[in-house]
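Labels run A, B, C, D and E following the written order; every chain starts at residue 1.
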């Protein structure tokens, strides 16, 4: 469900150039997966990871070979207004990895000292949660932050916790930050997490069995791979490869 | 009607066992002390008591036996409960209409008539929850009568009414009863009411029938506790002979030659009526009294003198008098019995205060 | 408010109305039976009725998902009878909501029926009222307050339903996207302003509706009887 | 006690307006036809009627005025409701204990005693929902008495009891009443009960007090509807003179020289008692009768002959007799009045059947 | 079953018990007042009480999240008093559950109180029973069935709560990870077997518990009075 904003723009662009109408159904990837296994009338699934599409393939619910990575998600650490002081600042382009590392460490320590919490998506189920865990492990802070973690059922919830000020900081998706900027509401301060701290979040799309003969579904998947689509996706804070 | 009854019912320590056949079309009173089982018996007749062993056959229609149990709503009866049980969500009129709309046939009285004679026309729009006790009771009676039942069960329906309303309702009940021709089973512990209204009597004591028969017969028996009640009375049959317009009296003949007077009744000449003569209103003189305000003085023969045993009533004696074929009960002090040296077979005069005579409905 | 939101509102109202109607039809006789039976299996049945209360909606939703799947017996039966698949259809939502809200209708009704003076029913029976007649002429009006409670609990619980619908609905706009899901979606979508408006509108509407219901729903005055007697 | 009452109360078409002062320590009967406002008045005294304008002062304690409204639970009263209002979740014993545990003081009777004289010891374990009507009523009375109240309000408490239980309870009520020394306000439309029990009388008609005063005084007034009731009676005061063990009779003296006999009473010699003489039990002779079973024959003077107007009772005439300082009412037929040429000032003999005399409690 | 699952079960039971206790304490007087008042604002207040019924739990959860934030009045007050932040604490869950389940306790009680024969309370008052005394000696035992209904609806609704807890809980094992969330996680995580076991256990446990409650809860017999009268 981190892809919803990009998806809206993609559908608009798609419908402008194609004679098809699409319906977008948002939910966390896990829910969507479950629903598909129990016969949901969906044609295409855009998951936030590669695990669910793979399983769908194995279960013979999806068209083999139709699976591909449409975007790679980026993790950020967002701060709420209640974060009392962000101890340092940097820009991803011009600072040394060690500086970045110490900034993150200082910020997360600060969260602990404020007796506040750190929001993440549930690492057990949500791709961004797994990434957050990997980042924390990379920092060597996983064990100490564990009892300060608040786990949203998906990355959307993690974002809510931060945005409402209930946690001082949280690991969320870059796409959410750009969505918020589009809405021109108060934006949160955030740092991008260096990409080598976590496994790439490969978001994969797959054609489902029921979409096999749906021309709209097929052409949308084709559309997703076009440059036009990739531009849109990248604008929303993903990379495409 | 014929009602064949065989009932065994156990409720904790209380047991009812009744085997009887009631075969009158009139009013059968069920009399008994508090806790004798009157209500329970009536409820069973209505089909409201579960877990009973018994047979109940009404006019050849089986209401209950080993295999059958006709539910209450199919018995086509009416029941005036000891508590009024008005429907609180309906107005007085609503309560009446409830019964009227579901009436079992069209022989019954009209809604307006019932309202009129139960004096409740001014209450029709009222909320039943604001009615006085007596008003509630009247509405309950009206409601029961409006369903034109085949059998009417009434459980102390007149208790919370004043004498005047009671009188009024009893009169109409008698009339209505003839019109509906539905037999009435009437529970009461008011002996006067019972005497007045009932043709037949069933006396219950601790769940057993201890006496049963026609009112006439039972009321002159001195061996029943009935005759020892404060309100004990004898009942005699007389024929209307003459109406005295001027004094508003009627003159009746008992056994061809004896005459009694009572407050004008509107029965035709030559109809037979029942007269109720409370034992305590009868006094005895040895000579024919003269210049007495008592109009009714009957020559009688003393039949039986029953010295009562119980302490409190030891001062009094019940004397059964006998004239022609009928019996009179008189309650006298023992002192008078001794003073007048009363004994069986003696010829005496019974003085009965005219005003103490009550007229009775058809016999 | 977008047309989607309007769709969601209408769909929700329709779902709640259909569900409530079915619940009242099924729930009243069930509650009546439960209130009066001395049958051995009564406690067991009561427990089964109460089950949806205790089970998290997601659990119920999950098992319903299993039951509705085209491969399941029910799913196949439905497909054979109606020609449509049950899963992710409006009918599926109705079935789910009925199951989920059943105790909210049955329990208040049963409690009310058990408090009802049986003596009045006896009186009605002597006047020839059949059981059905008694139900409509005595029980219903005397339990009016509880019927309204039951209906509004059932209706409201369906409107507010989230977990079950999340699982079995599929969030399909105009078909299974109900208000609670749409709102959740807005929040997840970070459209807080829209969410506030929608939620605020819902609050105001509900308050007005409920206040009107309660305004016109004075209880039947069993309690205030001066003297039920004589 | 003193109870100062000023009440205005409007309920739809019904209006009560009562201004009165009740200042007796005895039993005050509130008498009136169905719907007269008796229950409403009693409820107001108990603090159960809201929205009233009035003042109520009990023994100098303000229960209600413009600023005050003492809630029911602080008035320390007892109320026997027209319906029993037993608590269905408690057993009979539980109901009694409910009141007993909350009693207002320790002057009242013990639980065992009350159970005994209300004949309910065998019912204690029972579920109140299975009691018979009369049993329920007895439990309700017991419950009220057990709270040792300062004022007892009773709304037709004896209606569903048979004569015998009624008698029994009345006797104990009289005794208890003396022990508790709580005044009793007693609603009834049974004139006999009222005569028997009450020292004072308040007659309500359509929400207004139409007569009020001591029982003695009111009962001989022929201008009140009271004396036209079927059960009308006069009350006379007499002094116990002698007890006749043998015949179980007591001999009393009225106004120094006239003697009356009645069933043995256990009052001491020389105590004054009240005697109730039902008008219909009095007959008149011009000569002193001889050899009559009637023991009580009093020489009197005719004071007033009241020809009654209403149709149904046109046959009867109410005659007020006068002997020394006291009055007797006699109901005769108009025919007898004419036949005997009765007129005011005439000397006659009043015959009263001994057994019709009722003894009264302390005067 | 993992130790986490056990934690979740215990936490859920604790939450439901605490919530039910608070609800009964708050809800009974409120219901009594609502059943008896003739105050003008009654319908409005009834509507407010009923509001949690109509609002999707996620909406309630979202607004609670706003209210609990350290920047909000409530959040600051809590932080100042307890030194801890309110959000994601057990207390927050209790507050949320109490609000969310309030109508489930208040409505059945109110319905029952309104059906209660006032005449018995009048009788109790004449025997000197104060209002409080009347409540415990008459109202409570006569409304036993409805208290049990209210308590079990409240308890069960809390056990089954999902949306609100999802929003305000933060899924902290041992503190805010309740059963419904744990189950949801399992399903999302495709641990179906574990989910089946947990859900199955929950079903069996609930059935037994409920059946036992209902077994021993025969209603007070107001209704079956033979003749309340005379």
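Methods note: contacts are C-beta pairs under 8 Å (C-beta built on N, C-alpha and C of every residue); 3 or more make two chains touch, one makes a residue touch a chain.
Predicted model, so just to flag it, every value in this text is computed and none were measured.
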Chains touching both chain A and chain C, listed by label: E
Chain at maximum distance from chain B, centres defined as averaged CA atoms: A
Greatest separation from chain D - chain, by CA centre: A
Distance between the centres, which are taken as Cα means, of chain E and chain C, whole angstrom: 18
Whole-Å gap separating chain B and chain E, where each centre is the average of the chain's CA atoms: 59
Centroid distance [mean C-alpha coordinates] between chain B and chain A, Å: 93
Geometric centre distance via CA averages, chain D-chain B, whole Å: 26
Interface hub residues of chain C, defined as touching at least two other chains: 62, 119, 187, 222, 224-230
Interface hub residues of chain A, defined as touching at least two other chains: 31, 34, 157, 160
Contacts with two or more other chains, residues of chain B listed in rising order: 39, 81-84, 130, 132-134, 155-156, 159-160
Residues of chain E defined as touching chain D within the complex: 119-120, 122-131, 133, 137-138, 141-142, 144, 220-222, 224-230
Residue ranges of chain A touching chain C (in the complex, touch as defined): 1, 4-5, 23, 25-27, 31, 34-35, 38-42, 154, 156-157, 159-160, 163, 176, 179-180, 183, 185
For the chain E and chain A complex, residues of the former touching the latter: 62, 65-66, 68-71, 83-85, 87-88, 166-167, 170-172, 181, 184-185, 187-190
Chain C contact footprint on chain E (complex, rising order): 35, 42-44, 46-48, 50-59, 62-63, 103-104, 107-108, 110-112, 114-119, 143, 145-146, 149, 152-153, 156-157, 159-163, 179-180, 183-184, 187, 195, 199, 202-203, 206-212, 214-215, 219, 222-230
Contact set on chain B toward chain C in their complex: 46-48, 71-74, 76-79, 81, 83-89, 98-99, 102-104, 127, 129-134, 136-137, 143-144, 147, 159-160
